[in-house]
Amino acid sequence: MSDISEVVAEREIDRSKMQVSDEVAIEINKMNKWYGTFHVLRDIDLTVYRGERIVIAGPSGSGKSTLIRCINRLEEHQEGQIIVDGTELTSDLKNIDKIRSEVGMCFQHFNLFPHLTILENCTLAPIWVRKVPKKEAEATAMHFLEKVKIPEQADKYPGQLSGGQQQRVAIARSLCMKPRIMLFDEPTSALDPEMIKEVLDTMIELAEEGMTMICVTHEMGFARQVANRVIFMDAGQIVEQNEPEEFFNNPKSERTKLFLSQILGH
Amino acid sequence: MSDISEVVAEREIDRSKMQVSDEVAIEINKMNKWYGTFHVLRDIDLTVYRGERIVIAGPSGSGKSTLIRCINRLEEHQEGQIIVDGTELTSDLKNIDKIRSEVGMCFQHFNLFPHLTILENCTLAPIWVRKVPKKEAEATAMHFLEKVKIPEQADKYPGQLSGGQQQRVAIARSLCMKPRIMLFDEPTSALDPEMIKEVLDTMIELAEEGMTMICVTHEMGFARQVANRVIFMDAGQIVEQNEPEEFFNNPKSERTKLFLSQILGH
Amino acid sequence: AATLDDVKARGKLNCGVATGVPGFAAPNASGEWEGFDVAVCRAVAAAVLGDATAVEFVPTTGKTRFTALASGEIDMLARNTTWTFSRDTDLKFTFVGVNYYDGQGFMVPKALGVSSAKELDGATVCIQTGTTTELNLADFFRVNNISYEPVPIETNAEAQQQYLAGACDVYTTDASGLAATRSTFENAADHVILPEIISKEPLGPLVRHGDDEWGDIVRWSLNAMIAAEEYGVTSANVGEMSAAAGDNPEVNRLLGTEDNLGAMIGLDAGWAKNIIMSVGNYGEVFESNIGAATPIGLSRGLNAQWTDGGLLYAPPFR
Amino acid sequence: MATVTDPPKAAFRLSMLIYDTRYRSMTIQVVALIGFLLLVGFLISNTAQNLATSGKTVSFDFLSKPAGYDINQTLIEYNNQNSHLRAAFIGLLNTLLVAVLGCATATVLGVIIGVLRLSPNWLIGRLMTVYVEMFRNVPVLLWIVFAMAVLIETLPPPSAFRGDEPAATMKVFDTVAITNRGVYIPEPLFSRSLGDIHLFGQSALNFDVSIDLLLIVAAVVGGILGARFIKRRADRIQEATGLRPTTWYLRLASFVLPVLIVLIALGFHLGYPALQGFNFQDGTYLRNSLIALWLALSLYTAAFIAENVRAGILAISSGQTEAAGALGLRPKRIMSLVILPQALRVIIPPLISQYLNLTKNSSLAIAVGYMDLTGTLMGITLNQTGKELETLLLGMLIYLIISLSISALMNWYNNRVKLVER
Amino acid sequence: MSNLHADTVAFVRETMLPQKEPPASTVGIMGWGKKNLFTGPFNTIVTVLCSAFVAYVLWMLIPWFFAPTWNATSLGECREMLAAAGRVGDHGTFGACWGVIRERWIQLLFGFYPAELYWRPIAAFLLLFVALAPVLFADKVPGKLLIFTAIYPFLFPWLLWGGTIWSPICAALGFVILWAVVKYGSEAIGQLGAIIVAVIAALVWWLFLSGYVQDALVSVMPLAIETVASRDFGGMMLSITIGVVAIACSLPLGIILALGRRSDLLIVKALCVGFIEFIRGVPLITLLFVASTLLNIFLPPGTNFDIILRVIIMATLFSAAYMAEVIRGGLAALPKGQYEGADSLGLDYWQAQRLIIMPQALKISIPGIVSTFIGLFKDTTLVSVIGLLDPLGLSNSIRADQSWNGVVWELYGFIAVLFFIFCFGMSRYSMYLERRLKTDHH
């Protein structure tokens, strides 16, 4: 892990571009969620402004994935409000569709479509959801593939790429929908060390361009350099949130200290 | 990689015991091998004396594995001679059996038998091939397990051990057949760094006892410390061979230089 | 070659019978096979082994019977099987005689109001496959230029079930089989057997080609039963009559009190006595299984002795 | 250093047959071959000897002799004076008929049940599980005879339709008669029929093909091509403008219209079954033997197909659905663009082997008197001619050819859709 | 830094929130029902329709099932009893006729096997589990039991068919000869030679010598239990016998075929592929026809053996082909390294197969073997087509009995339940195995 933060550090990161605006991108109010009788998310309150880069950390099972999946309505919440880009998430299908095309998501296991080429993976949603002409969609796709540095793989199938390449395709695929918010759920934890770097680089570039991002990750190097806020979750609740420097150097809560000592320990 | 050579260096290696005798252990004359029409091994000439520790290096696909598999007759060669311990490898089954019980082999992926305990793995061949009584075979097995420092695992199954432990079992298993020559095919390349050390230690011990060894490996630290000859292969041929010091400090061929710059570069 | 030796060695006769035709061959409540055809099997067992119960009955359908016999699974077949040219020659079997002279008939529900087979145009007919009746049926309707719909069926029991359920209008098979089947109906009176008999169906036991000695044994076992009736030998009086030679030399030869006919077919002298003692003569067997006093109620008709105007005529025992 | 002499050019010794790997494999093969040939020879000599003792000869002459028996369901012209070969052909057609019908129904049922088993509705999921377990764990033969018994025992005979106050009446506006002999449905008739084409002249396998039927098939094929054309056009428009025109009604029309036109041109009308004499006349007659066999085979096989379908869908990880959902795709599109194309790759190979099983199981037709290949060639023909060897071998050969063709199809498909891997 | 909001949102939770009960509508029966039965109007309708269907089926079945006809002795009597109980509907009486089951269930289970000997098949099948235990529950059962497993194949037929104890012993002796020749002959004539000689020796023993030896032994020491003829086998017992024997015999055959199919000896491979594809390409019923009509033509004149044996042979060949495919799958799942590991230690082909490859491949294949067995077990009903009295065949002959002519549902239902219990049980077992094998690390 320490290697990686060094890798990230090598690069000079241009924080100046990472402007945070006053506009609210996501607002979560007293949100509660249960799996059966198990209370996974408890009274979550969170406001994310446009341009923020938020890293969520926390022990396994603390509800990090569930939280960001709720933002994308991959999971339903039972109490409270989630408002994305001014639209409240209810079971209204139209709202859900609207929000999903505003919010891009990257999964731990990439979830590329193995029966489609890389290019087709990237153009599928623009064509069918955004109703973009194929030519145009392909042009956009190539643009984002170039951005993630694998334009030459466009005609291959996901099975032919390495893990790092696949994750970058997954990011490009989300970007092709031109989302205003990106969610990442442990995007690098299934990758080998060299590949982690490739993916983190891509994410840093995104951050530099001012994308609003919420990222569940344990890459603390990344959090330090890129995030403007780190949220620590435990037992389904937000336990602490702060700027990265403060968060790492001066954690307030006991749990946070324990957690940090564990993950930075090795 | 550099870490490991340091690890090995920490230990004071007793080269005095590693005597090379005049007796020929393996002699290979103008050996050629094809896979279909693909010429994998070309005019290989090699003489290995008793007690020699030879390291074979070379880029991927250069035929290193194929060469040592030929010595054990896991692959058949088509032209030339391989004489092991005075017996020529022909298609005569009796010779093959004889040679295989003279020559032990360790694979990259250990190839332990997962349905047998560690002890059973070690006693299987002595009992069935050498017709040793079970008691005796078990005593020998325990002796070698102690030597590789895992006697307490004797009753476990391979699936319950770590990779490094498994590789050491694999070595012990070969030793139980009391081979006069040991072949290693990248024995550490599937292991995590900490485990590599365990296995290399075991191999060094073997070398100190005067075992004739041929080892395909990219652990250059090991090569420097233990080998008395390094052979560099490329495109199915032996390109260069020399003492380790000379080989590393003063490579003659362009290819060797290129190769060394690559593997020592990172 | 030597079926007789096999049977003796085995101590049991393997005899093919129908899967279940009441009165002809059917297991009773205690699982013992009974019936008119079964009696032939028992007779042969009595003659060969001296024990009428030493029979392994193998139920066969119209379709499986010939392969069972040809393959040697059974030693003989006594299963209302019609003696035809091609079966005798082409299928390589030997029919040893006729134990029932029959013909093919039709049974219909009375409610249909049919009085002749010629009125059956367009009817659905249940027919057992692999039988002569199947071929006769095809011929009959073709010759009369009327149509029908065959429903092929394996066993008598299935035919009965389908017929009663109304899945076919007509059931056709040997007239004796029809009578036997009808006798088991709850309302037998609701069904009629049409007057037409469209074929000759001489039914008899058969054996494989190629073992004439065995054929002889089966043939003369059947003849012994017929002759016994002709000469008035019954299961009741056979003990007495065979105790000593009587005044009818033919009877004496039959019962082994004079000459030793048994030896000529490789059996002991009392072979015919055993048959009659344990199975009875033809008439007794007929009456007790399918005769007028039974629910089946068949009259002797063609199956009366030649002396009574029927066709039964056992060759002389000499 | 020990010198090495030239390799001893060992002369061939007998022991090398056993010890030398080069010769050893030869030895094994030769021994195996000899063993096999001995076995074959043994069987053939036994057969010859056995046939000689029973006085039989092997010959296929009987195939050209008149069959003599009638078959109730004949897809092509047949009467009892036709040859045994033709009777066998009728049987083969019947086998293929029930196989095709069965495969089609089993697929539809299986897919529905397999999908319903995954339904979020607990009750329906449970019901489908009960269905699957019930059919999978009871022998198919039992289902066949059971289906036949249901048909025979619970449905009314045609005679029940007779009289002034019949016990049973025809269904669907008096056009369908359901009896325990089978089901009569209206039949298609053409007042301006174009007649038949006669194929294969006078040979035993000759048959007529109705030109009307060919025309209709042509119209359907044309319709499919048309629909595909419309779909392609929609694809092109979508590619160009991004908007996909609504085409379902056009595609429907291109399916329906040509067929409709052909039907009208041919003077299509329905012939209704009517009770006449002993049976219903006119109309298409689906015999209960066909229905029972068809029903039982499809229900039984559907249970297996349902399992394959379920496994196929489950094999596509939920991650795929989530990823597609997160991209904003609608459930219908997720199904058609992401899940189905992948699931089909998993489902189709076992599906085809279920087809193979169904086809082989159709030989159980004899249990209900359906005259398929086993019923004719390996049943009545065998019995009437006594040619066990010839009929059985011929029948097995035909089944083998059918099976091998189906597996060839499967291999072709597998090779075509293999996912590209690293 | 322009992290505008970071300081404004800095937040530390002082007290952790406890678990809360979820909203009432999402838990308990209500929540469960809402989630699983009544999500949306469409699902509600489906639920209602399904419940109606289930209720209807039960409403029809239950009264039919609970019919007071247990003691009837004929269908007619059943009808009278039902009429007396007032069970009269539109189509005559309504209700099951259980008398037939009471009277014949023993027969449906055992066929015509002599009643006083029922203990023998029962013992045979119970012992089957003892014999299987060391294979199936290798971790829980002492390995010594394997000896019993080896004896069992000879014990089983002896218990079922009876006869002199010497015949299974003589049959087993053949295998002993086979083993001994291979073991001691390998030194002298090499292994391949020894195997060939051993097979020949064993064949000579079985075909020519064992008969005399057996006769001699019988005359010296006539140890025998009562013989039961194959004809008397029937019902479930017949199905199980055919199934068990065929599977047991097909296992070694399947292994050989699978090895043959994977071998690189061209002729051997071609023979195996030909055999497997042929058997899998034709319906089982045609093979049964061959058993009942042709097998005798193929065998030496005068051999005439029992139809059940012939059927078992065919069923064995049939399941061997399927077994071969299952085992081939297991072999293919083994990494190549296992073969190389064995080779490099100097084990020869058969040692490697026996000690390394097969134990692993078979373990992987157990679920496949079980499902082959279920398939075969269900297919044993086909023997009714060639006239054997398996449960289905017996049901026909029961219905041929005058008193039960016309009884359908009760018999079929009973048979179906019997098969269901066996097959369902086994399929559950194999699922359990599959799960266990997945989590197993060794």
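Couple of notes before you dig in:
Labels for the chains are A, B, C, D and E, by order of writing; each one numbers its residues from 1.
FYI, a residue touches a chain if its C-beta (ideal position, glycine included) is under 8 Å from a C-beta of that chain, and two chains touch if they have at least 3 such contacts.
Only a predicted model underlies this, so the values are computations on that prediction, with no experimental measurement involved.
Least step count on the touch graph, subunit A to subunit B: 2. Using the contact threshold fixed earlier, the set of chains in contact with both subunit A and subunit D is E.
Note on connectivity: the fewest chain-to-chain touch steps from subunit B to subunit D number 1.
Farthest from subunit C, judged by the mean position of CA atoms in each chain, is A. When every chain is reduced to the mean of its C-alpha atoms, the one closest to the centre of the whole protein set is E.
Set against one another, D-E and A-E show the most C-beta pairs in contact at D-E.
Chain centres here are Cα means. That of subunit C falls 43 Å from that of subunit D.
Look at where the CA atoms of subunit A average out and do the same for subunit C: the two points lie 89 Å apart.
In whole angstrom, the spacing between the mean C-alpha positions of subunit B and subunit E is 48.
With centres set at the average Cα position, the gap from subunit B to subunit C is 85 Å. Residue numbers of subunit B whose C-beta contacts span two or more other chains: 93. Touching two or more other chains at once are residues 67, 70, 161 of subunit C. With touch defined as above, residues shared between interfaces to two or more other chains in subunit E number as follows: 190, 293, 296-297. Taken pair by pair, the chains that touch are A-D, A-E, B-D, B-E, C-D, C-E, D-E.
Taken together, the subunit E residues at the contact with subunit C in this complex read 76, 112, 229, 231, 292-293, 295-297, 302, 304, 307, 386-387, 396-397, 399-403, 405-406. Subunit E contributes residues 190, 335, 337-338, 340-348, 351, 355-356, 359-360, 363, 441-442 to its touches with subunit B in the complex. Those residues of subunit D that touch subunit A in the shared complex are 238-244, 317, 319-320, 322-330, 333, 337-338, 341-342, 345, 419-422.
Interface residues of subunit D facing subunit B in the complex, by the touch rule stated above, are 1-2, 4, 7-8, 10, 16, 18-24.
Across the complex, subunit B meets subunit D through its residues 22-24, 27, 29, 47, 76, 81, 83, 86, 88, 90-94, 96.
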